[in-house]
């Protein structure tokens, strides 16, 4: 399995990453992907920005471990994970997960698995800024239950 | 829900479609996508090309119906489906499904649902060409069971 | 008059993508239309053999009980293999 | 000497991202380290309150029973909210 993870402040382009993942190979029948974006708040003050803090070193190791675990569960051909840190605006992409496999079932399952595990195991924290000030985002119980269904 | 389906011979770029789907909006928190590609055959003669025949008119209607059904099951913000026809080479993309939603659970589920239904309900047929000649691809029982789990 | 379309391997077998036919007396549903065509012998006989060849009526997948009327578009084809 | 890192809201509360401390006699696991730090009062007292603040030892998530030794890197932080 060709696997790469990166944590960086720069954005990414899904088409470019997709092309790089499948370049020169014809054994890939399915690529499932996920992009998470900064979403405007549903209520209260509008979101001005979102800042992502992380734990350098541990973050990369945690992401790599999640990918290895996915590769042990499904026959994957290539995986790419990019997670941004720093200050982002509403609409900006935060995270990308791309999974290439021979068939769609395993590509979908592994992509969702990686996102679910990333949400509960990768050391990132989000802080929302509105005109009223900054507020750390609370962890969601639904993320714990999403991750738990794979064990 | 902003929905568009198209059936065409030209290729597509995942990054361009993703950008168009989310342009100017900040209510999207999750975009799940799937790209199916022409895969080299695992055994026997190498695949030279794959030709996709379809039923013009019915194809577009079937895809639109599948998307409407997904929108009735999950709270989706935008969906884009592109399916190619004509003659493709190994490594070429065949189908694209992009689903934008507020949260990842519904984006993943709807994307997989659309692919599973498309595989059993959209009138496309694949013919593989090798040095030994042409051969129509048989429908797979696993596609029927993948679609059945949603009913 | 009913318009009949054939796709994929079936289209190649019958040698045409389209024909217009007149329904025989008493042919009022897809099952009866399959029998009318199958009476020509091979390769149309495949339309009543097993359950593999599917039908669409006016661009909607249908079962054999679907009722026919003049002016309908009927398509016959193998199981789909898109995506 | 053990390196302690704080992240996110906890980092802001304690006012530092990092400190080096000497383990007191008998402090041999994460649970004991939490108690040593909590003894300073607020805001460190949060380390023994409830179960919300997580710990990592040498960049691996661990439970309170994980054993400590000199030279370790320990991080404390709220539940993660990435992705």
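Order of writing sets the labels: A, B, C and D. Residues in every chain begin at 1.
To be clear about the criterion, contacts are C-beta pairs under 8 Å (C-beta built on N, C-alpha and C of every residue); 3 or more make two chains touch, one makes a residue touch a chain.
Only a predicted model underlies this, so the values are computations on that prediction, with no experimental measurement involved.
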Identity of the chain that, by mean CA position, is farthest from subunit B: D
Chain centre separation (subunit B, subunit D; CA means) in Å: 48
Separation of subunit C from subunit D, taking each centre as the mean of its C-alpha atoms, in whole Å: 72
For subunit A paired with subunit B, centre-to-centre distance based on mean C-alpha positions, whole Å: 23
Quick one: report the Å distance separating subunit B from subunit C, using the average Cα coordinate of each chain. 26
Where subunit B touches two or more other chains simultaneously, the residues are 36, 104, 115
Specify, in ascending order, the residues of subunit D that touch 2 or more different other chains. 83
All pairs of touching chains, each written as two labels joined by a dash: A-B, A-D, B-C
What part of subunit B is in contact with subunit C in the complex they form? 36, 52-55, 57-58, 61-62, 83, 94-95, 115, 118-127, 136-140
Subunit A contacts subunit B in the complex at 13-16, 18, 22, 25-40, 47, 90-91, 102, 104-105, 107-108, 111-112, 115, 142, 146
Name, in rising order, each residue of subunit D that touches subunit A in their complex. 5, 7-9, 11, 56, 59-61, 75, 77-83
